[in-house]
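Look for chain A in each of the two complexes below; its partner is chain B in the first and chain C in the second.
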Partner chain A sequence: MSMEKRRPQLNLDELHQLKWLLGGVIALLAVWTVFYMNLEGWTLMAITTGAVAAVMIWPALPSRVPALVHTLAFPAIVLFFAGDLWLTTEVLPAMVRLDMLLLLYRGITYRQRRDDLQVIVLGLFLIVVAGVLTVSLLFAAQILAYTGCALGFLLSITLTEAAKGDGDGAAGAGQPGGPPAWATHTDWPQLFRRLREAADWRVVALGAALFAGVVGLSALLFLALPRFQIENSLFLERFVIRKARTGFTDSIKIGDVSEIVQDTGLALSVDVSDRNVVPAVPYWRMLVLDQYEKGSFKLSPGLRLTSFGRFDRTGTVVHGEARPRLGPAVYWTFYLESGVSRYLPLAGDFSVLQFRESQNFRQSADLAVLALRDEPVSMTAYRVESLDTSGTLPDPGFAKRWRERDPRTAARGLLQNKLSVSPADQTRLRQAVETIEAGGPGPVAARDFADRAGAWLRKNHLYSLNPTIPGGEGDPLVRWMTSNEGGHCELFAGSLVLLARSAGFPARVVTGFKGGSWNGYSNNFTIRNSDAHAWAEVFDAAAGAWLREDPLAVGSAAQNDAANGEAALAARADRSWEARLDSLRVFWYRRIVNFDQRSQTETLKAVKAATQEAGRQLRERVARLADAVKTWLAGPWNLRRLANVLGFACAAAALGWIGWEFGRGWWRRLVRRPGGKHGDPVRHEASRWLRRMTVEPPRGAAGAEVVAELRRLRFGARATWPEPEKIFRRARQVWREAARQSKRQPGGTSASV
Partner chain B sequence: MSDFMQAGKISEAKQLLDALRTNMRVTIRGKDDVVDQVLVCLVAGGHLLIEDLPGVGKTTLAYSLARSMDCAFSRIQFTSDLLPSDVTGVAIYDETVKEFVFKKGPVFANVVLADEINRATPKTQSALLEVMDRARVTIDGAAHAVGVPFMVFATQNPVDYEGTFPLPESQMDRFLMRLQMGYPQAADELEILRTQRGGYDTITLNPVVDRGDVLKLQSSAHEVFVEETVLDYILKIVAATRTEAEFRAGVSVRGGLALRTAAQARALVNGRDFVLPEDVTELVTPVLAHRLGLARQTSDALEERRAVAAALRRIWSSIPVPQ
Partner chain C sequence: MSMNPGDATEWSGPGGRDATRPRFTWNAFLWSLVFPRRGHRILPTVSGIVLIGLSLGIGTAAYNSSSNILFITLSLLLACLILSGVMSWLNLRGVAWRLRLAVPLRAGHEAVATLELRNAKKFLPTYGLWFDLVARAVERDVVRRAESTVTARGIDVREVLAKAESSESDRRLGLRTRLEPSGETRLEWVFKPRRRGMMRVELAGVGSLFPFGFLKKDIGTEVGAEAVVWPAPVEYRRHAVASARRPAGGERVPRAGSGGDLLALRRYATGDSHRLIHWKASARTQTLLVRQFAAESAEGYALWLRTDAAVWTRAEQFELLVSFAATLAEDFFRAGRLVATAVDAEAPRPVRRVHDLELFLNRLAVVQPVENSAVAGEQPVAKQNVLTFAPDGARGVAAYVDGEKTASA
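Take a look at the complex of A and B:
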């Protein structure tokens, strides 16, 4: 007997193998969320990844696990959870670790249907917890991947159950004595080949289209849903405490900031509503360090107490010292990645800062520094109005204390003028100051001194991320300053501070980020950890303000005069692939962050306006076309025009006829697939005509011949088919003829059939 | 093997079958449908069980077929004292050569008429099992092939059951089809009455095909294309007999294969190289009915046959025909 080839189908063993693979992928996707949750689950994650990956590749491995392990597994897991909870007293991390243990166990044992479903639920728990806690773009990508895999997994479960039938429920389960049959002869390349053969591209395309549709619809709903802070509502944030991975803390040793420079990860994204106010070189201040001791700068307890106060404040709005600008307000929106610092980057003083949710924080208006109580575990967004980026920070309080100081004693609160170095080092510093001041006439002002000191340091030292501090007695910073070794920003800034203090100018180190790139795709500043920087601020008593002095920049005053606005952005424009990826992240942030519902409303309005505009343009285009046709028709007619019209009509008719006659045939050839009930469109069409001819039988030899040919198309071997389109055309002709005849003869066959 | 029948083969098959049909209709009058069914059975390579009253032309039918094919014909009258060796043959000691020599029985022919097969004992009936299945006879460990082609025409009387041994199911399953001849129409019977004829051995028919042609036809039947939905249709019918409460047991896998093969043969007999659903529906009763038995007790065999046929009709009419 000859038979047509059917599309191959996966057998039960192959379905089991596919299910096994997908289950493993789901478990891995879920446990990898620990990468960005940082809750002491790395070891467990590594073990789970290794074990699950191994059994995915070698499915026979689980059969070698002794039965005793299975017996003791669940009591052990329960004990582990209880112990974890007892020791750490943190519920959520313990639950996450429990979830990972269960996933590990389920991942390395043969699963029945309920176990497969359990894997999905366990994985979903991890994904959702990670997503809620981090609100990161990675979560969006991961939930998409997870959803796709989970759908495939569910499909494979259904297909496996259907293939097993009712009487073979235990076929996929592990056998007590050894691995199931499907696990003993795995050939993954062969499985993928079979999968490719068995997959119908139309089903795959339809599935992908449906998935994309669901994602699109979800995105639209997401845009329209009101935002709320689920982590704050559930107090989840307190359960997961994340440590900053960078060096931006109250105390920084020399080299801490430079270590951050090795990390090229994204630290901060900044949106600005008016590009013209963007400075040529923005400095994103985070922390002021006033106390120096033996190579280490830190925020002195005194300054912390006087500036930040004793108590945390709670709220969404923070008022700064800067006056609002005239004209339209300029908004800077900061998206600070988690793990950077609890000190928020700011470019200077501001008038109003708004969090998107209530925060516990401490503010120092004098220092223009804002600190959250805890390290944020997720992205922190805040919007700042009227940010002062000039680099000059007025400090009336300090100015007053400075004026009223007793020159004989180091008054409390004036630590920013204190030199905590040995007398010998002080002498060396004095000598250096004299050298610097010798360059110009008369007494030197703060700005002038700072510039000269910066130039002197740059003259004697090259920039290097691998500095060498000469050995010997005394303060390491002074030793470096008086040498010719290269150094990094902290050494430069620290030296400048010591020099300024030695010269009698109060000075302090400031840490944060410098510069950043302008993302040309999403139009925002992108600041990476590698942009971490330290610089100095020198107090100008005449102005009563702190002046920014970056000893690694050529003339801080000159910087302020450099091109601002669009020109500055053009110089920093980044259109790399990395920027494209970062733009996605910013897009995500812009959509999930909502300060006052306004941006959400604006987005929806923009969508509506775009739709209306498209409709309006279409209507206008149609109206213009109609007018053009009307005008053309109203024009004088001659033979040439008539011939043109006729030619056009004939061409259109010909095209229409070709489409009608052959279009469906081309479509049928395009979508033809082997096998399946009525799956072949030619067979389907032939069947349709045969049914039609049962109702209205054709007459004569021609009719019988057409029926015979249609039967051949419907039931015959494809290789023996006549030209289908030709037969369908003839069928149409004889069927119309039969219909006409039966109308002429009301008592004809059509009534009797 | 190509996955479709060459155009030349189908026209040749049509020519041969037309010749056979025409030749047989010379002697079998008014029974065109029966002739066609016999041809289907021949082309499918099966064996035929004819149930009817004596004297309706069963022997003539078998003889006419054998003559038309230029094949050896033999007739075995089954009786209760018939021995298996009377059918298959026997090894006897030959004094001249000083060894046992196999003397072939009447089964060594191409067309064998097993007349009133149910009158023989089950032991003798069983002697036909091997030869019907494998076309060979094994005596004293030696296999002897019978004629090629080989076709058994078995007859039995459905009315007179006294002193008979009903054929076991295994034996029934070996028959591809079961037919009834029936009485001819009056006009045809008149025509028969007009002819001056003696027994079947007085029939003179010219052979129109030879054995090679028959083998070619049988080979061609296997190449007839069966579309997926038609196969599915066959499967549904067979499966339905297995869930039908009225039957003692459903149709075997061999029964399903027989239905498919018979449908292919019918398509070829009708000049087609592909099977239509109607080929299947037409053959459901002849191919499947004798393989099925009623779960309940019936008063006589005729009633059982009628009930089985009705149940089968109900089954296939309830299954949607592929269109």
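Take a look at the complex of A and C:
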């Protein structure tokens, strides 16, 4: 019997079981992409998760599936795909569901080597599609987990194939039609125990280090791979249709925006290159709604046609109406989450807008609105230069139309002053306008009227997310305005627009976001859906511009006078745990998703600068150290100083010697392999007995023989060893005998062995 | 058996002390990437081709769409490929092997080639290697020039290929279990040499799919061992007449045996009977000595093998002759009656020990028909008790003692 303790090795059945487990984990990881892919596949995901988890735990289950099922599986899957495609007419979601179905089938059947490879490729497809479609931070976590599992899976396949050997392909195959041998006696806790026993912590640590190396290397490759701006759009977008989850569409009923407010999900993250230009309360305009009818605002067809034009444009660069400012340009980088809207949030007019990738869009320079052709399927990133956040939107085209308007057709929609309410409501509006204008000297300017109307509305109504619109006849908005009920932003904004139009000022509702929090970790604006807002814009004919008027805010002048820049941001800084998570997401967007040729160049420059700086600092430090040594050497030397130096040198040498002597032993013990030469338990045991016998030497020929055998075990070649157990037993007997004799004869001689 | 000691008994491979291996230089390393060493090969497997295809597809899509998600995936795939290379290198690092052959080898009998493996790494095990072993006959005297499709006209290529294939057997041995750090293991290949002659067993290559099976890495080796394959023993029939009549005047030779006459004294060896100890001599020399007696029967025979090509025209018959001669030589030696052996006109060799018999069998292993062997003229061995051979019909071979048919095969 050998006493040598060796790490056990997993047998073929255990390797098969490990492979089976890892294959299941890979299939599950892949189908769980449905959680964030936002494609219809929840049912299939639930079925796959349940089925694969069940067969992972009970691997004998697949053998109970009738052979007919396997025969019909492929035609059934093809039929499912064809039907899915025909019913939904969306290629990508159908392909994703097909992929999940194939994973389900492969996950619940016994797999050969090629089937294992199929599982890996199918899973990778799902994860990559999910990543490309969503650009989510979850993709990073998932691809890392998937890569680790897939590498482990491939390793287990290689080890299983090696353990099977040549001409042993049927190993573990079991009875025809029945489960394979490895599947019939699974004991997962025992497998994990065996895994733990078989694993050497140094090998596991090396494996972990190698995996970390893979991640680091892939990061380096990601940075170093040459980029070219081919300006092609994402091809997957063609195969999927996405609808906005929020209500930011070009037709909004009263209450739609308030519904968005209930959602606290992230809508938008904004980076700004110069914090001093950030307004205290930024308004992110998305959509202009000029037509009002029966409690619903929408973008009128006329305005859509005249402002947006008929055709989509494709490109990465959009030029706005704003002129570039003097001095260094201020860049605003927007990361708009998918599902918010196809209208891009902007604070006002801009000079240049650049997309990360080529996009199909329509632009209205007059409205300062940019709309993508389709709802974006993933996060949309764009950078805006010289964004005008003043709240005043010059519109020379409209000003010209307004000046040249024909009084007979003055109430046409294009002039954004049409009141689509009954005469009775118009009368009530007129009365309200008179109340608002009362007390003012002469005709009231647009700004004054808007401020006064806002104040009048705030005076009569409280803010409430659960408004009550009084019953009765007439327009609901007019009914609410003339009541004292509380209301939300849409009611306030809509009322202001009706009042302004009644007073003869062109006005419109604008929807978007207001404010947001300043993330104290990643230093960016975080705007959530709960920041959704609606406000009004009133045309000032004198200025030829649209003036922002938020009836829920204190007067416009006060808004503009509020503190801007760092102080404003400090006041709204968010340092919560949620902000921490959001900062991760922004880091992902900034450094990974938005990484392009320019970023690559900047990174290289930053690396170069950091290297140069580090070199400079090192040189300075060395020079300072050299100076200090020179100064120290040049100092006056006396006996005490010399003694101090010598003492210090001796202490250092002693410490070095101790480290060398004991450190080596410590290191050897650390790296000692169980069962290796140094860690051989037989040699250890023999050494122990020899030490004992030095203290209590055995007597007689038998004792000498035992000592000789022990020495052979301790120092001899393994091939010459006698049976260790027998020798140790004899050593114990001899040692006990010697101890007994020495007790009987105190003061006996002791000889060294 | 002879072996090339430099080839087989020294440890070879990445962990072996190979004195011929050049010192590492970056220049040589880079050139080796362009022109790998003989037998060194890295080929993608099916999963490797899938990985490369995936990388190409994802790379194309990444550049086409500027999607950084795809660039991340591409980077990860490339990093995995590099990791695969690093792990494969780590796996092979410190591994050494040597080949040993268990002698004697005999045609038609199972032989064992043992491949000893050693992992010199301190704490990293080695997994999943395979070793391609080839055993092939060595034709020393046949020098074939290189042929082309033009010059090889008239040569039956199929026949040449079939012959080459028949003289070669190969096997892939897999390392099924983990080779522990600082551990050793051995793999055995049991093969059956088909023909007598010189045989070379080579480790043709070492390969691995470790760790992920993307790439099949082959390392060519030049490890090999040569051995002589003795002729296969044959069944033969003794003829009653010849065996009944004891040849007169046989040569008497002193040889160890179980007779009554003291032949010599020798050192005591484990297993010797205590009764054979010569106590007086032992006391005198302070060493245990035992008595050695002469054999009871001292009549010996000389075996003379003539390989005249004119006589042995059929190859099968000649092979039978050689096997028959080897069998008789062994049987006679076992009976203590083989005195000397000779082949054609070569000087006779006395047979006193097993080693002498082995030398004769070695000679038989490579003997070929020669033209005009009778030219040598005189019989090289004694005139009496000479065992000779002659064709017996179209296929058989007969053995004669002093011209009298003694046995046939």
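Just so we're on the same page, the second predicted complex is superposed on the first by the 501 of 753 C-alpha atoms of A that agree within 3 Å, B and C clash if a C-alpha of one lies under 4 Å from a C-alpha of the other, contacts with A are read in each partner's own complex, and residues count from 1 in each chain.
Here is the rule we go by: a contact is a pair of C-beta atoms (placed from the backbone, for glycine too) under 8 Å apart; a residue touches a chain by one contact, two chains touch by 3 or more.
For clarity, every value in this text was computed on a predicted model and none was experimentally measured.
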* Look at A:Leu151 in the shared chain and tell me whether it touches chain B only, chain C only, both, or neither; answer first, second, both or neither. => second
* Asked: More residues of chain A are touched by which chain, chain B or chain C?
  -> C
* To do: Classify the contacts of A:Leu206 with the two partner chains as first (chain B alone), second (chain C alone), both, or neither.
  => second
* Asked: Touching A:Arg691, do we find chain B (first), chain C (second), both, or neither?
  -> first
* Asked: Can A:Ala493 be said to touch chain B (first), chain C (second), both, or neither?
  -> neither
* Tell me which partner A:Leu457 touches in the superposition: chain B (first), chain C (second), both or neither. => neither
* Asked: Looking at the overlay, does A:Thr720 come into contact with chain B only (first), chain C only (second), both, or neither?
  -> first
* Asked: In the superposed view, which residues of chain A touch chain B and also chain C?
  -> 6, 675-677
* So in the complex, which bits of chain A are touching chain C? -> 6-7, 9, 114, 117, 121, 124, 128, 131-132, 135, 139-140, 143, 147, 151, 154-155, 157-159, 161-166, 200, 202-203, 206, 210, 213-215, 217-219, 221-222, 225, 227-236, 356-357, 592-596, 671, 673, 675-677
* Touching residues on chain B, where the partner in the complex is chain A -> 1-5, 7, 222-232, 260, 264, 273-277, 322-323
* **chain C to chain A touching residues, read off their complex** => 46-47, 50, 54, 58, 61, 63-76, 78-80, 82-83, 86-87, 122-125, 127-130, 172, 174-178, 180-182, 209-214
* **Touch list for chain A against partner chain B, complex** => 1-4, 6, 675-678, 683, 687, 690-691, 694, 711-712, 714-720
